[in-house]
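Per-chain numbering from 1; labels A, B, C, D, E, F, G and H assigned in written order.
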Amino acid sequence: MTQPYVRLNKDDAAVLLVDHQAGLLSLVRDIDPDTFRNNILALADLARYFQLPTVLTTSFETGPNGPLMSELKETFPDAPYIARPGQINAWDNGEFVQAIKATGKKQLIIAGIVTEVCVAFPTLSALEEGYEVFVVTDASGTFNAFTRDSAWQRMAAAGAQLMTWFGVACELHRDWRNDVEGLGTLFANHIPDYRNLMNSFASMQAAK
Amino acid sequence: MTQPYVRLNKDDAAVLLVDHQAGLLSLVRDIDPDTFRNNILALADLARYFQLPTVLTTSFETGPNGPLMSELKETFPDAPYIARPGQINAWDNGEFVQAIKATGKKQLIIAGIVTEVCVAFPTLSALEEGYEVFVVTDASGTFNAFTRDSAWQRMAAAGAQLMTWFGVACELHRDWRNDVEGLGTLFANHIPDYRNLMNSFASMQAAK
Amino acid sequence: MTQPYVRLNKDDAAVLLVDHQAGLLSLVRDIDPDTFRNNILALADLARYFQLPTVLTTSFETGPNGPLMSELKETFPDAPYIARPGQINAWDNGEFVQAIKATGKKQLIIAGIVTEVCVAFPTLSALEEGYEVFVVTDASGTFNAFTRDSAWQRMAAAGAQLMTWFGVACELHRDWRNDVEGLGTLFANHIPDYRNLMNSFASMQAAK
Amino acid sequence: MTQPYVRLNKDDAAVLLVDHQAGLLSLVRDIDPDTFRNNILALADLARYFQLPTVLTTSFETGPNGPLMSELKETFPDAPYIARPGQINAWDNGEFVQAIKATGKKQLIIAGIVTEVCVAFPTLSALEEGYEVFVVTDASGTFNAFTRDSAWQRMAAAGAQLMTWFGVACELHRDWRNDVEGLGTLFANHIPDYRNLMNSFASMQAAK
Amino acid sequence: MTQPYVRLNKDDAAVLLVDHQAGLLSLVRDIDPDTFRNNILALADLARYFQLPTVLTTSFETGPNGPLMSELKETFPDAPYIARPGQINAWDNGEFVQAIKATGKKQLIIAGIVTEVCVAFPTLSALEEGYEVFVVTDASGTFNAFTRDSAWQRMAAAGAQLMTWFGVACELHRDWRNDVEGLGTLFANHIPDYRNLMNSFASMQAAK
Amino acid sequence: MTQPYVRLNKDDAAVLLVDHQAGLLSLVRDIDPDTFRNNILALADLARYFQLPTVLTTSFETGPNGPLMSELKETFPDAPYIARPGQINAWDNGEFVQAIKATGKKQLIIAGIVTEVCVAFPTLSALEEGYEVFVVTDASGTFNAFTRDSAWQRMAAAGAQLMTWFGVACELHRDWRNDVEGLGTLFANHIPDYRNLMNSFASMQAAK
Amino acid sequence: MTQPYVRLNKDDAAVLLVDHQAGLLSLVRDIDPDTFRNNILALADLARYFQLPTVLTTSFETGPNGPLMSELKETFPDAPYIARPGQINAWDNGEFVQAIKATGKKQLIIAGIVTEVCVAFPTLSALEEGYEVFVVTDASGTFNAFTRDSAWQRMAAAGAQLMTWFGVACELHRDWRNDVEGLGTLFANHIPDYRNLMNSFASMQAAK
Amino acid sequence: MTQPYVRLNKDDAAVLLVDHQAGLLSLVRDIDPDTFRNNILALADLARYFQLPTVLTTSFETGPNGPLMSELKETFPDAPYIARPGQINAWDNGEFVQAIKATGKKQLIIAGIVTEVCVAFPTLSALEEGYEVFVVTDASGTFNAFTRDSAWQRMAAAGAQLMTWFGVACELHRDWRNDVEGLGTLFANHIPDYRNLMNSFASMQAAK
């Protein structure tokens, strides 16, 4: 009667970054811009860190929606990059779906702008086709909390698991001993409070 | 165990606007009045744009509840208009249900005032009769967030899909190429941030 | 897969008011005190208006929890009144359950202080025994929104329907024509915005 | 020891609209975009309604800051329009100050984006030169409430009077009898709640 | 350099209630309607309790602004009642000013709708004429907190003292021994938390 | 179709306190630090009061995460204490699971830092293995409300019951008569409002 | 034109604790109860730590207002304790003023319940008599933020300096070298985040 | 009667960064950590960009307060750096004041942790000695908004000007033509929304 524990596994997972474009970013008002930017970059960094196959897509990037965030292009220079000619639900774009299938993964970690469209639509489509979908809620944004809450409800009811980038990183890493420094660096670069803890710790270690 | 992806289809959908009346609007306090008014008009505009059959209904419009928003009358001059003589749940009014059945559609997009009554009651009734119901949460309003959250929970538990007008428009349109200018105009008229993006873009295009 | 529409029916419903005591009221901080008091009294008034059998219960009323709100005693002078000697879950008190069974109703409308205990526990027990339970969320209060949200989730997952007093009144009344003045008076007495609408309307009628 | 009542007078007042540009609008996050857009247009409409001399200025409008809101250009086709070549404080631009002096007014009603720079700097400069300055706080926007509150404090300490567009309109109009319909139309066009009141009233008048 | 302590004195004070009308009440969104209604009635009750001369005024009460709250009329059947024919600033109405002067008081306690106009304008005018003005902020309301904060700043800068009805009552009463029961009743009727304290206390006293 | 009422039973329950460490506490920003600290200590006190077997665990306590809150060590000097060498999901640590199994309990009451990782992961694992899991939401904390809400959704969808420490205590105690003073002391020590009620009551009792 | 820097000096300062009573505490809703209780106790602890003469006073402590917080009585067993027979403004009580004068101090640190009455009135009176007054805003509470903001404005305009207990402690201590351990203990006991820092630090020191 | 416009001048200004230490950062809860970190770094970058003499100071950096943010040390390798041995008010440290005097500047731009102590105390001291002080409110942080608001009031009353880093940068730069690229880069690096505008603009320029 309840959903089983579907656990992220780094060998089974791919990342989909949908429409993180300069123009669309200005529509996002359910999360502070500094925090939102940081969350998107954190998700990108973790995708690279765990070497997850990543698919990029944009909508009308030569129009008002603007270009993809330049950092994403730089982080994933070789990733499939589908500039959709018009499909609003990225899943309606065959090239995009093909790129996902080519990864051979069954777990999809997805984020994008705006939540109720660019994230929710492909999430619902992917669930329908049997994928396990993990929505990175804090790397996805939309017009207001009102809209976001409705979108979360719709995706969750369809079986999506709502997570945030930190939870994704932790669930993928499993054990700090796999690489203490690597994960620590990821956290220090994107969580100021964690960076502070590490700096205080390092400072005291040095003082010994 | 989870809900399937029921996707809005412009050939299958009708719009129900329930009790957007001048007096009742003054009861709405879970959303800012400028934003709420804009959302209602956006929903009306998208209904017309996609040529969805639309049904209007009011409750006691000659009493304190006041007249229907004049813009709705003007947008849908030929739509069925049921001034209910007393039924609180519009679905209890045979004429209203008849008007819906006459559309021949199985997907109902609904919004109204107040959320937990004028929206929730017909939503629950329609679901019971097998319709697919999409609640436009941001074109529906009520006394406070406390009340709204309870109402959303009740409708979602019964199988309603919570959406907002922007998501509805995108899910209906499917592909920008179906009509770039039409959808763009709809967005520009109701999303100031999107209008700004388009104006900046147009300004640069003109400068070339 | 989803919950059916269980609709309140005035012939099937009873009201349970659990621990609305002077001392416990001071613990409630998830809702403004003026609004909370108004909501409780509105629920009491509607119970009387619809002549719903009502059961009152208190916990340790001679100790710090304090006496029942005097207005409730006055509104329901003949209602069963169970001053529980110690049971925290009112459903563990045989006299309370007996009073409910004596009403012969299968729909229970419940409110109380605090939400996650005095409301949630008997709600879960009643659901387990097959009752249809309607929680009046805005006539129930607790320490903070954090706690309330957890409690709502628990009750909803178990099948309770979350409503507010206004929705309860509307679902019970069904049709304004059953008694326009009676319902209007109930609303005017507990919804300042509605009272204003009625006063403006009456003023204009008088001016004709 | 306290500030005297300096009252707006329609014969003494001019309006300054500073940098309401498409790009800069996307920086504003201390006020909802629907509301903010409405407030700016309301201020423009009142300036025209009261026939106040109005001065428009922009900063780098051919760059990322984007073009002036098109509605402002349309509302004030003959107003002085100073596209500043670089001065951040508009008061540092001789042409802007000259345009203000040319109005012959001593009361300046100012709004712009962003509050702590484009509004605060010319406000402080104008106060220093002896003008009476009225900041229209709700037609001015900035990054966040933190920033806005600091800016308001700085301007108020220097003697600026903080007002909103509705207060400005009322203080200029003085007496409804000067033109009931004109002011009513202005309010109906920009205050949904007021529009509702007027519609309910008109509806009842018509019903007589 | 700082303002002296001007203390309310029941022999020196009059109360001005400006435009608490049914229609205008629907514009107020910076305070919850239940709380706002309670605060206005509390201010009225204290004015009567302390036998302060009270002046009522309305704006266009036969139009959309609607009639004065009926409770105010009932509480002050013999008070001067000035239905202004058009003046927005009540102080521009000679009859209103005359009624104030006729009280012979130098301390004015004022509240009304909306704060930045109906309260702020006569406040500034009264201060200019040498009155000591006490704004009852919680019995005054307006469109939003943005607007209210600007209005408070403007009035305070001009020398008004911002108070709330409870503070006014306490400063007027000076000493509980002047009438314990009277003041206690006023508080119990308008402060649910205080009512609870009194009820618990009385319950225990009775139990002795 | 809905979840059954699984009721906490003091003979069936164990408590898991996961990573309440000095460094990690500084990451928690979805709850006020005074309140959070109080909630954790309240949960610890109730575990001891009901003599529930309790398991403590930490993550990297000699690094930046810092030592376990000293009060927890003092409250449970003999409890199993597993300083995990690296596993992020405590359930991946055999010693931790062994300690839980050794308690022989089937109901797990869990809290920790951060909610979406240290609480959610073992919660999901324990549910998968058939335990009944009760998440103490107010003794668990994380980066922000955004993250928390996602985590709550994920755990609830998997069948976890969301509770708070007060609800846990009440559900375990069942009946005040089991020990009025003990439970009263627990509440007085951790709920200032309840302490006040008790002090007022005691003061009046003494005055008799 | 601006206020001079009047700096707290431990040889010149006395502390006034006004009406921190069990019943009145339940009226306070502009600050979380856990935090508020902690702030009051922190202020008491710092008064004792700096050996500042302290004056306690209560209002009607044998009635609904309830007894003084027991911790305050215990912290200051020998302090003057004035149970006022009726005066609302404590400064109207000769014994209270006498106790203050007997301290021989010119700087008064004041906190109490409720802010706009029990704090504001004696603050305004003391300023009028030439004392330097420092209001401890976070150890004072009232009905809501609306009320508090008005009260702060009134006191600040009259020359009171608004501080919080932490600022008071720091300004009195001047230099950590006067007593590192004493001040550190005060902070650790009342600032969970600071306690965490100290615990992490101590843990690492021990690990050397 | 009002404060004159004291305008920042890059030839007259120095920057003071007080106690931005890793441990103290964990105390800051009145501003989001991502945003706060960004603001501090933006202030540091602008200080370097405008080549303003900058003074760094810390409090007990070898204890729990932790080391200075490493980025500040790196940005200002040659700046005076005063590790205070104990003085809480940095102005009480002769070396710190000496470093300020050595800059020869009369305008002090100050930020630090925590606002009401490490910022407010030296601000008040500097004002007393005749400096013009500009508090960078968004690069300063403290425990909560309650505390911050009190601190802002105290500093503003003493004559400090409350600004934010963006306003400081704009007031110092005066005219974009002084260096378009330099200022644009500063904004792009610290204002995501501005970065987006620039990227969209650049993208279109490239497309020509």
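FYI, a residue touches a chain if its C-beta (ideal position, glycine included) is under 8 Å from a C-beta of that chain, and two chains touch if they have at least 3 such contacts.
Which chain is which protein? Per UniProt: A, B, C, D, E, F, G, H = Hydrolase.
Just so it is clear, the model here is predicted, and its values are computed rather than measured.
Where touching is counted per the definition, the chains common to chain D and chain E are B, C. The interface of D-E is repeated, with over half of its contact pairs matching by residue number, by C-F among F-H, C-F or B-D.
Averaged C-alpha coordinates put the centre of chain B at 54 Å from the centre of chain G. Centres computed as Cα averages put chain A at a distance of 41 Å from chain D. Between the Cα centres of chain B and chain H there is a gap of 48 Å. In chain A, the residues that reach two or more other chains under the touch definition are 1-3, 23, 26, 29, 32-33, 66, 191, 193, 196-197, 200-201. Pairs of chains in mutual contact: A-B, A-D, A-F, A-G, A-H, B-C, B-D, B-E, B-H, C-D, C-E, C-F, C-G, D-E, D-H, E-F, E-G, F-G, F-H, G-H. Taken together, the chain B residues at the contact with chain E in this complex read 26, 29, 32-33, 144. Interface of chain A with chain B (complex): residues 1-3, 23, 26-27, 29, 59-60, 63-66, 85-89, 92, 114, 116-117, 120-121, 124-125, 127-128, 143, 146-147, 149-151, 153-154, 157-159. Residue ranges on chain A touching chain H, taken from their complex, read 22-23, 25-26, 32-38, 61-62, 66-67, 69-70, 191-193, 195-197, 199-200, 203, 207.
Note for the complex: chain E touches chain F at residues 197, 200-201, 204-205, 208. Listed in rising order, the residues of chain G touching chain H in the complex are 1-5, 7, 31, 137-138, 152, 156, 161-164, 166-167, 170-171, 173-178, 180, 191, 193-194, 196-198, 200-201.
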